[in-house]
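Look for subunit A in each of the two complexes below; its partner is subunit B in the first and subunit C in the second.
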Partner chain A sequence: MINVQDIRDTARDLLAKGEVRAVIGWRAGSRGMAAEPCVVTKPEEADSLVWDPTCYHNLALQLVNDRKDLVHSKKTATAPIGIVAKGCDARAIVVLLQEHYFKREDVYIIGVSCENSGVLDERKVKAQVGGFAPSAAAFDGDNFSVKTAKGDKKLAGREVMADRCLECRTPFPKENNTAFGDDKTGREFDAQFAALARFEANDEAARWEFWQRQFDRCIRCFACRSVCPMCFCDECVVDSIEMKIAPETTAEEKANRIRWIERSAVRSENATYHMTRALHLAGRCVDCGECERVCPVNIPLRLLNTKMEREAREAFGFDPGASIGGPSLVASFRDDDPGEFIR
Partner chain B sequence: MSEQTYEPKIVAFLCKWCSSAGSDLAGVSRIQYPANATPIQVPCSGSVSPMYILSALKKGADGVLVSGCHIGDCHYLEGNYLARRKLHLVKELLQFVGIEENRFRMSWVSAAEGAKFAEVVKEFVDDLRPMGPQEKLKAKRA
Partner chain C sequence: MSEKRTGVFVCHCGNNIAATVDVKKVAETMAQEGTVAFSKDYVYMCSDPGQSSVIEAIKEHRLDSVVVSCCSPNLHEGTFRENAERAGISGFTCEIANIREQCAWVHKDRTEATEKAIKISRSAIRRVAGNKKLDPIAVPVTRRAMVIGGGIAGIQAALDMANAGLDVVLVEKLATIGGHILQLSETFPTLDCSQCILSPKMVEVSRHPKIKLLTYSEVKEVSGSVGNFEVKILKKPTFVDAETCKLCDDCAQVCPQVVSNEHDLGLTARRAIHIPFAQAIPASYTLDEEACLGLNPIRCGKCKDVCEAGAINYDMRPETITENVGAIVVATGFDLYPQEKILEYGAGNVADVLDGLQFERLCSASGPTQGHVKRPSDRTEPKEVVFIQCVGSRDPAQHCAYCSKICCMYTAKHARLYKHHVPDGKAYVFYIDIRSGGKNYEEFVQRAMEEDETVYLRGRVSKLHRTKDGKVRVMGVDTLTGQNVEIDADMVVLALAMQPSQGTADAARTLKIGRDKDGFLAEAHPKLKPVESVTGGIYLAGCAQGPKDIPETVSQASAAASKVLALLSKPTLSHAPTIATVRNSHCTGCEMCVTACPYDAIHLENGKAVVNEVLCEGCGSCSATCLRAAISVRNTSPMQVHEMIEACLSL
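Showing the complex of A and B:
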């Protein structure tokens, strides 16, 4: 098990020596048990870092934000930025590196392994502890311990772990500058794509019946997009707001500007949004599950994303987030890519 | 709309180097084929964004066809390889959410294959007609 003090000492040391200009990590949250992302810039702040099963956030997003800040303010970084990264955060960083979003030497990765565990699913936890959210949670070997109003409680890992963690085989951040915890790569609690396979057993009519209901329910708050480290575009294609309006722009030009998707949260627009997003994430989504976790209306987004991931793996032998050097999924091909569907 | 008068609307994205010329050849050769397809010329099948396909369905297309040069014949060498991969994903995703497999089609048609182009369109129309209008992804007010 990881001693959180090791993470803090490493961060303090790096900051004190000036080897990094900041360390992105998690600190205790201000609401309930969940940890929250933070950016530590002074050595003496390093002790605020935490590592527990509520470190849900994919911190690669903070790395993207840092990069955007630098670019938009036209600043150059004085030193690399440090980041505490669990397996899925590191996979996201690998995809960003693969896409040349920043350079390897721009980041210092302090890897933390989820070992035989993962992060909690708060909905599952609440069901286990009678509806009341605990105030704190900790790893307890293969299980978890949580603090509730009625005292401490032990929870079985399999019962309360997030679905993505149950299917995760790469809990260890392979890409790292230094790492803590055991490398449990290849572990398997649930078969990979188990939920996907269950869903695909439905026939076409049942699949549409299911998805039209989901597309109807989405309120297009875009939380799923905002939380995703892979959705880094300054202007998303679904917004279509980039049209420059000049004095000579006619009303007709304004009316006829390209709008791939209308803003109204209705079925057709929501469906187009979600399918576009799934396609733009194909071969890039690392199944950190954050989009699904933050959705206020519980749209099962992992189904769409893991569908694309399985296609990437099975049809094209492509492993998202596995290597920095290779080309991206849709910018490459093999001679024997499937083509029987083409007349 | 009654069964008899229903004619499926197809949006066809045709590569200008091959399938678009193929469709012209079908025309000048006086090959009879259904007039259901609205052709949209694109520079290469590889330039067809998945959003074109989704957008066409959203605007009420009953079927979408993408047609490019045979593998090995791409004017830009590898555009059709990229299209094959990208559009495989689109096809899978459409089926995954429960859109009928036959609403999306892809073909390789060279500039010399006027007859094949006519055949592709005819088959597509024959497959689409019994399915009736595409309502699943169509925008309500478009």
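Showing the complex of A and C:
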């Protein structure tokens, strides 16, 4: 079990010594029980950091934002930036490093292990506590306890943990500068890709019908894209009306900007959006589950992303977020790559 | 859009396209396209009148771009781009719509094929609307060539190029050049001695001022591209200074280490320090490091003690040599299919069952028996010899599917040589059928049958084994009489299949050139580009590309040489300008394109991808990989691809 004070002390120490210019972490949220991301810049603010089963957010996104701020304000960083990272956050950082988005020495990773827990799925919690929104949550090693208006309630871990955490094998942030908590790499609640396997038990017609329904419901709010640390491009290829105009952009480039899909939230365009996104995340998505969590209309996006992940695992033995040095999935080619699927 | 004036030219290709595709309808439908100002069909677009009509139409109708719906761009893209240039518009505003290989040849239904041809043509029209006028990029070339492999193919290519004035680097893996010919006794169809035809050429190589010979060397790394390759070669130490060595043989006399002699295919032995054979080029001894007791005066040191010339130096180290060349000829030759894989004929474990090359050594005056045919087991003269053809060849189920082409001929030669050495002997040949196409070849086989009384038995040998009285019992059928045949032979010679040499596989990997399904080097086009590899500036010669005899090997080597000479005849090469370009604003510097590029053409500068325009071949791998659409190939921009897809999907 991690003592949150350890995390705070480390952050305070790093800030006091000037070894980092800020620490990205979670603090108590202003809405219900969920913690929220924060950036701590002064040693005395370090005590606001929290670590509990509502630290859902993948903080790697804050790293991306920090880097964008630096580039756009044309500032150079005075010191590395610190970040508190759980297993999936660290995997995302590894992919960003693999894609040279920043350098390893630009970040100081304070790893936190999820050990035998993970984060809650608020929808599951609400179902268990009869629709009441809890105001706080804690984990005692086996069970979650949540505070609700009707008093405290104990919930079995398996019942309310997020699907991605049930399937997670790497709850320990392997890439770190310092880490807290036990390394439970390889722990298994659900088999990996269990949710996907359950879905794929349906026949093709049923699956297609299911996805048509999902694509009909998407409102193209792009929350999924905004929350994803891997969706860091300045301009997304699916944007049909936005185009980043740089001084060197020629008139011809402007005229020839790519209009792969239309902005309108109709089934065909939504389907294209989601398939493009899934392909662009193949070998990059680390299954932090954030996109699925933030979707206002509950589209099960993990089914798309883990499908790609499983294909890459089975065909090429590829494990996103496992190593900084290796080539990216889509860019690498080996003589013995399987080719049976090419017809 | 209305200003665009594209011309569409639909070819019948005789009946090749017209039989399956309604070419008239394609031409008529294309005329309706908004950007098309002219459209026609013609029976052979690539014929002289066909080409002239393209040029005329461009001029007459003020066309600014051209689509030719015909065969693969591999064949005639160059032709029609040149026509466009001649008519005064940029060649890069001409695109090919492949309606032959990708349509007419693979479909049967005329209506469907016509519909598809229309879509293919339409997509090319949409694409060409976005094409820019581009000028070729001029690249300076290195006017030197490299030949890899010093068999007859490599020797011939090197001599041809050097005699034409080109500097040539010849790289041979073994300690001497010469290749397999040196192991042959006499050669069909004239029965002249192989050493006599090859030795003068080998000497010429060693004396040629334009040829730099690197033996005992292997190519380890190749970078660059056509016109400018950088090749790293590893030269192994021979531990003997070729200049000082006097060929006195004193060292070999005292060397205690005896190993099997590869030149005689194990029929004789040699010492650790040895000369591959008397006429070796370079003329020098070689110390085989693996067989030596340890390159150390404490362990042995006998050879060094005895060498009066002081030619032996145990401190020689491998050397890496870098050569810059403009073109490379790969002539890495063949190996015999391993006898161990022929289980039905004893997998190499039955005494006196030899392969063809071993038999050549037995007939050779410089061979283990000084040219007297004696069987290895007891050194007696064999009185009955069975030759078996097609061993390992033409057997797709278990061995090689292809015909090794030369075995019919060399088996006839073997039978004749045997009869010349042992006139009272009996020679039998088991064959499937006889393939003796070639000048004077059929006559040669006839002579084997008639003059030299060889018994030809049409059929397969099912198995063979050693008998108690020291014979090899061969069991087969004669399919012409339908009878089983059993022969107790003194010796059996297997005409094993030819397969690409191990060195060919290695070279293909280092040079990143393709191989065919049997492992031979793949030519760029089986008919029209038989000596070109798929990679520009790399050419093929000899048995590395497929089974051949000497005349064919020599012709191919000279052909490869002339291709290199043509390529390097000018100080610059023109490089296609259809290369990748980067949109800096969108590049995030992820380096995926760097990994994906098969030509190492991309590197990063200040966090953005930069393309080397000489190395880029415009393959589009980077463009397909980049998630940010930040890199694309000129005249194949994402927008053009989008238009093409749309054209194909629309009805």
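The definition used in the following text is that the second predicted complex is superposed on the first by the 323 of 343 C-alpha atoms of A that agree within 3 Å, B and C clash if a C-alpha of one lies under 4 Å from a C-alpha of the other, contacts with A are read in each partner's own complex, and residues count from 1 in each chain.
To be clear about the criterion, a contact is a pair of C-beta atoms (placed from the backbone, for glycine too) under 8 Å apart; a residue touches a chain by one contact, two chains touch by 3 or more.
Everything numeric here is computed off the predicted structure, so don't read it as measured data.
Enquirer: Report for A:F210: first if it touches subunit B alone, second if subunit C alone, otherwise both or neither.
Expert: In the superposition, A:F210 contacts subunit B only.
Enquirer: Considering only the touch criterion stated at the top, classify A:A246 as touching first (subunit B), second (subunit C), both, or neither.
Expert: In the superposition, A:A246 touches subunit C alone.
Enquirer: On the A-aligned overlay, A:G32 touches which partner chain: subunit B = first, subunit C = second, or both, or neither?
Expert: neither
Enquirer: Between subunit B (first) and subunit C (second), which does A:G141 come into contact with in this model arrangement: first, second, both, or neither?
Expert: A:G141 sits against neither subunit B nor subunit C.
Enquirer: Quick check for you: in the superposed arrangement, does A:E99 touch first (subunit B), second (subunit C), both or neither?
Expert: Second partner only, subunit C.
Enquirer: Compare subunit B and subunit C by how many residues of subunit A each one touches, and report the one with more.
Expert: After superposition, B is the partner touching more of subunit A.
Enquirer: Looking at the overlay, what does A:V237 touch: subunit B (first), subunit C (second), both, or neither?
Expert: both
Enquirer: Please indicate which partner A:S328 is in contact with in the superposed arrangement: first for subunit B, second for subunit C, both, or neither.
Expert: Second partner only.
Enquirer: Contacts for A:G18 in the overlay, against subunit B (first) and subunit C (second): which applies, first, second, both or neither?
Expert: A:G18 contacts neither subunit B nor subunit C.
Enquirer: Taking the contacts subunit A makes with subunit B in one complex and with subunit C in the other, which residues are shared?
Expert: The answer is residues 237, 260, 330-333 of subunit A.
Enquirer: Considering the complex alone, what residue numbers of subunit A touch subunit B?
Expert: Against subunit B, subunit A makes touches at 200, 204-212, 237, 260, 262, 266-269, 271-272, 275-276, 278-279, 282, 304, 307-308, 311, 315-316, 329-333, 335, 337-339, 341-343.
Enquirer: Please name which positions on subunit C make contact with subunit A in the complex.
Expert: On the subunit C side, the touching residues are 130, 583-586, 588-596, 598, 604, 607, 625, 627-629, 637-639, 642.
Enquirer: Hey, which residues of subunit B end up touching subunit A in the complex?
Expert: Its residues touching subunit A are 50-51, 54-55, 58, 71, 78, 81-82, 84-86, 88-101, 105-108, 120, 123, 136-140, 142.
Enquirer: If you look only at subunit A, which of its residues touch subunit C in the complex?
Expert: So the residues of subunit A touching subunit C come out as 99-101, 232-235, 237, 244, 246, 248-249, 253, 256, 258-260, 280, 327-328, 330-333.
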